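Dropping a structure here in C-alpha cells format, bear with me for questions.
All chains are identified by letter, namely A, B, C, D, E, F, G and H, in their written order; residue positions are counted from 1 within each chain.
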Amino acid sequence: MDKIDFEILKQLEQNAKMTTKEVAAHVHLSAPAVAERIKKLEEQQIITGYKTLIDLRKLDRSIVALVLFKSNDCRKLAEFCYNHPDVLECYRVAGEISYIAKVATQSVETLENFIDQSMLYGTPSTNIVLSGQKNTIL
Amino acid sequence: MDKIDFEILKQLEQNAKMTTKEVAAHVHLSAPAVAERIKKLEEQQIITGYKTLIDLRKLDRSIVALVLFKSNDCRKLAEFCYNHPDVLECYRVAGEISYIAKVATQSVETLENFIDQSMLYGTPSTNIVLSGQKNTIL
Amino acid sequence: MDKIDFEILKQLEQNAKMTTKEVAAHVHLSAPAVAERIKKLEEQQIITGYKTLIDLRKLDRSIVALVLFKSNDCRKLAEFCYNHPDVLECYRVAGEISYIAKVATQSVETLENFIDQSMLYGTPSTNIVLSGQKNTIL
Amino acid sequence: MDKIDFEILKQLEQNAKMTTKEVAAHVHLSAPAVAERIKKLEEQQIITGYKTLIDLRKLDRSIVALVLFKSNDCRKLAEFCYNHPDVLECYRVAGEISYIAKVATQSVETLENFIDQSMLYGTPSTNIVLSGQKNTIL
Amino acid sequence: MDKIDFEILKQLEQNAKMTTKEVAAHVHLSAPAVAERIKKLEEQQIITGYKTLIDLRKLDRSIVALVLFKSNDCRKLAEFCYNHPDVLECYRVAGEISYIAKVATQSVETLENFIDQSMLYGTPSTNIVLSGQKNTIL
Amino acid sequence: MDKIDFEILKQLEQNAKMTTKEVAAHVHLSAPAVAERIKKLEEQQIITGYKTLIDLRKLDRSIVALVLFKSNDCRKLAEFCYNHPDVLECYRVAGEISYIAKVATQSVETLENFIDQSMLYGTPSTNIVLSGQKNTIL
Amino acid sequence: MDKIDFEILKQLEQNAKMTTKEVAAHVHLSAPAVAERIKKLEEQQIITGYKTLIDLRKLDRSIVALVLFKSNDCRKLAEFCYNHPDVLECYRVAGEISYIAKVATQSVETLENFIDQSMLYGTPSTNIVLSGQKNTIL
Amino acid sequence: MDKIDFEILKQLEQNAKMTTKEVAAHVHLSAPAVAERIKKLEEQQIITGYKTLIDLRKLDRSIVALVLFKSNDCRKLAEFCYNHPDVLECYRVAGEISYIAKVATQSVETLENFIDQSMLYGTPSTNIVLSGQKNTIL
C-alpha cells in the first residue's frame, strides 16, 4: 500500500459513491489504474464493505445511549447484545468495565426494557448520548 | 416512509454498492420506482451518506480503545478529541461519565501520547477493545 | 395552552386554594373565563391534582434520606419501595445507579430497619438530607 | 395532634380541594369542628401549603433527571440550582455525594446546557428518570 | 446538668483516677458536694464507666486497620465482628458503605486471616492506620 | 509481661475503678503484689491512662458519623480535624481513602457546618452511625 | 550486616555475574574475604537466588497488564493465578482491591481468555502497561 | 530461537549461576555449544541481565505496598517514583488508574512520608501486600 492507495481510500471513505473517474482526478492517475487499485484494496480486505448511513432520529429511534457493563459472564452478555434489535455496536473491553453496548431506542420505556433484560447478564451503567461526532479514519 | 422504503434501506445499509436493479428485485418494484424512492430518502436526509469501510488493522492501527472521561470542561475536551487523528468517534454523554472517545492507534506508545494529551481536559479511564461486533440498524 | 393558561397555572401551583376571582385579577380576565380555563386544564390532565403539603418534622419523621440503589432486580425493589410506609417517592433511573428512594423516617433505628429490608433487593447507598429547597415548576 | 387530626390530614393530603363537609363525613365530626381543626393544623404549621400538581410532560419538559453532585463548594452549587429554571427540587446531603438536583427539561440539548453550567460548581453524575412513583406521606 | 457538672466531667474524662478532692479544687466546691454530683452523673448514666487505656503496640498488636465493608447481610457481619478477638470497635453505618470495623492485629498474616473470614459476610476495603489522634469529648 | 499481668489488665480495662484488692482476688495474689505490678505496667507505658466514659446522647450530641476523606493535603486536614470540637477521633490511613474522622454533633445543621468547613481540606463521604459496639481489647 | 556487606549486595544486585575479584575491587577487600561474606549472605538468606532476566517482547509476549481483582474467594483466585502460564507475579493485598496479577501475554485474544477464566474467581479491572521502570533495591 | 534455546533460558531463569556444563547436561549438547548459544541470546538481547535476588525483610524493609495512582501529570509522577529510594518498580498503565508503584519501606511512618510526597503528583490508593508469589516466565 503506497501513498496513492492511501489517497484513494481517503476519498472513498467519505463518499463510497464517488466514481472511479472522480477519484482518478484527485490522484492524477487514469480511471482504469484507479479501478485496478480499488480491486486490489478489496481483495486484500483493506476495503471491507460499503455502508449506507441512515439517520436514526428519522426512524423514531432518537434515544442513543452507551451502556457500560460490569459482568462476570461476558460471553452470555455478548450473545444477548448481539441479538438485541436496539444494539448498534458492542465491544468486549479490558479495563475498569468489561462490556460496552451502543443502543438506539425509541423511548425511556423501551430503554428501561433493554436495561431490565440486560441485568440478567451484568450490571449496566447507562450514559445517554447528548451529542456526538464521527471523524474519518484517514 | 412505508414498509418498502424500510426494506430498501435494509438492503442498502449492508451494501451501498447494490444497484437499483438488485434492490428492485428484493422489493418487487421497477428499478425506476426504486431510484425515485432512494432519491426521496436522500432528500429527506434519512439516507445521510455512503461510507467505504476500511480495516484499521491493515493500516497498522490495531490498538482500539474506548476511553471514558470525567471532565469539567467538556467543550474543550470535545474540541481536542474531534481534532485528534487517532479519534474515530466521540460522544458527550450524561451519566456517571461525561465523555467517551473511540480511538484507533498504532502502539502502546502512541496510546500513551494520546492519554497524556487528553489529561489536560479530563480524567481518562482507558478500556482496550478485545473484540467487537457491529449490528445493522435495520 | 397559551400564555394566560401558563399564568393561571403559575398562580395555582403555589397556592391551590386561590379563588377563581383572585386568579382572574392576575390575568385580567373575568372569573367565569378563568373557571372555564381551569376546567379545561383539568380535563387535558395538565392539572393532575391538588395536594396538601405537610411538615414531616411535625409528624415525628425528621430524618429524611435519599437512598441510591444498585440493583439487578429493579421491579422487585420498586414493589418493595412503593409499599414501604417510609418511602415518599421512588424513581427507576438510568445512569450509574438504578433506583432512588426518598425516605422520611423517625430515627436511626427505623432507618436501619428500612436499609436492612431493602438489602434483599439491591445495594443501598444512603444520603441523609441536611437541607433542601423546592422550586416551583413555572 | 390526635388520631382525628391524623385522619383529616390523610384525606387532605390526597385532595386539597376536598370540602370541610366531605372531610367531616370521613371523621364523623361536624363540619365546623373539622374547620376548626384544619385552622389549628395551619397555625401550627403542620399544614404548610396547598399545591396544584402539574404534568410536566404536557408542558414539553418530558426529560426528568436526578443529577448527583460531588462538590467542594456546596453553597455556590445550591445557589446555582435554586436559581436555575429547570431545577424542581435540590438537596444538600451527607453521604457518598454532596448534592442532588431533580431537573425537568425539554431536550438532550437543554440537559447538556444545564450540565455544562453546573460543572463550574461540582462534578455531576446524571441519572435519567425512566419511571417514578409518589406515595402519600400518611 | 449545669456548668459545674460539665466541668467535673471534663476533668474526669481525661483522668478517671482523679480524686474527688482534686476535682473539687477545679470547680471550687467541697469534696462531698463533688462526690454527690458524680454519684448523680453515674445514676443518670451520663457517666457510663471507667476504662483503663492500654497501648496495643506493647501487646504485640501493632497493625491497626479500619476495614470498610459493603454488605448485604449486616446482621451476620456485625455478629462476626463482635465475636472476633481482633475487632476493637464496629459500626453499622448509613452511607456509601454499610459497616466499619476497627481491627488491631499482630501481623499481615493475621490481618489476611481476618479479611478472608470477613469475606463471607461482605466485601472489605482495608485501610491501614498510619497515625491517629484522640480528642476528649468535652 | 506474663499471664498474670495480662489478667490484671483484662480486669482493669473494663473497670478502671476496681480496687487493688478486687483485682488481687481474681489473680490469686496479695494486694501489694498486684499494686506493684500495676505500677510497673504504668511505668512501661502499657497502661497509658484512665478514662471516664461519657454518653454523648445525654450531652445532646446524638448524631455520630464516620467521615471518610480523600485528600491531597492530609496534614492540613489532620490539623483541622484535631482542632474541631465535634471530632472525637481521627486517623490518617493508607488505602482507598486517606483520612477518617469520627464526629459527634448536635444536629444535621451542625453536621452540615462541619462538612462545609472540612471541604477546604479534602472530599468527605459521610456515614451516619446507626448502631455500634465496642469490644474490650483483651 | 555492615556497610561493606551492603556495598557488596549493591554491586551484585545489578550484575549477578560479577566476579568476586571485581566486587573486591569496589569494597577494598581481598577476593577471599568477599567470597566469605557472600557465602554468609547466602546462608542468612539475605541473598535468596540469582535470576537471569529475559526480554518478554523477544519471546512474543508483548502485552503486559496489571489486573486488579475484587474477590470474595482470594485463595481460589491465588491458586488460579499461580498456575496460569501468563501470570508473572501475583499479590494478595489489603486495600480497595484484594488481588493483583501481573500478566504477560501474546495478544488481545489470549488476554481475553485469561480475563474470561479469571472471572470465575473475582472481578477483574485490567490495566495495560504502557511503559515501566525497575529500580534497584539498594 | 529454537526449542533448545528455550530450554536453556528456562534453566538459567531460575538460576543464573548454573554453569555451562550443568545447562549442557539438561539439553544434551556439549558445553561449548551451549556457551555459544548463551552468547547469542545475550547479543540478541533476549537475555538482558543477571540479577541477585535479595530478601527485603532481612534489610528491614518489611512493609511492601502496591500504590495505585490516579494522576493528571503522569510524567512528573513517574519522575518522582523513579527517583524515590523506596520504589522498586513503577508502571504507567492505561485503565481505571494511570500509574502503579511497588514500594518497600521500613514502617508505617516512612510509608506515610512516601504517600504525603506522592500526593503532589496524583491521588494514591495504597494496597499493603499480605502475601505474594512469583512465577518463572518460562
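As a convention for this text, a contact is a pair of C-beta atoms (placed from the backbone, for glycine too) under 8 Å apart; a residue touches a chain by one contact, two chains touch by 3 or more.
Model, not experiment: these values are computed from the prediction.
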* **Steps in the shortest chain-to-chain touch route ending at subunit G and beginning at subunit F** => 1
* Structure fact -> The larger set of C-beta contacts, choosing between C-F and G-H, lies at G-H
* **subunit A and subunit E, separation of their C-alpha mean positions in angstrom** => 59
* **Chain centre separation in whole Å, for subunit G relative to subunit A (CA means)** => 42
* Asked: Quick one: subunit C and subunit D, Cα centre-to-centre, how many Å?
  -> 4
* To do: Would you pick out the residues of subunit C that each touch at least 2 other chains?
  => 65, 92, 94-96, 108, 111-112, 115, 125-131
* Asked: For subunit C, which residues are in contact with subunit E within the complex?
  -> 65, 108, 111-112, 115-116, 119-120, 123-128
* To do: Name, in rising order, each residue of subunit B that touches subunit G in their complex.
  => 108-109, 111-112, 115, 126, 128-131
* Structure fact -> The subunit B residues in contact with subunit C across the complex are 94-96
* For the subunit E and subunit C complex, residues of the former touching the latter -> 70, 72-75, 92, 94-96, 98
* Structure fact -> Per the touch rule, the subunit A residues reaching subunit B in their complex are 1, 9, 12-17, 44-56, 58-59, 61, 65-66, 68, 78, 81-82, 87-97, 100, 104, 125-135, 137-138
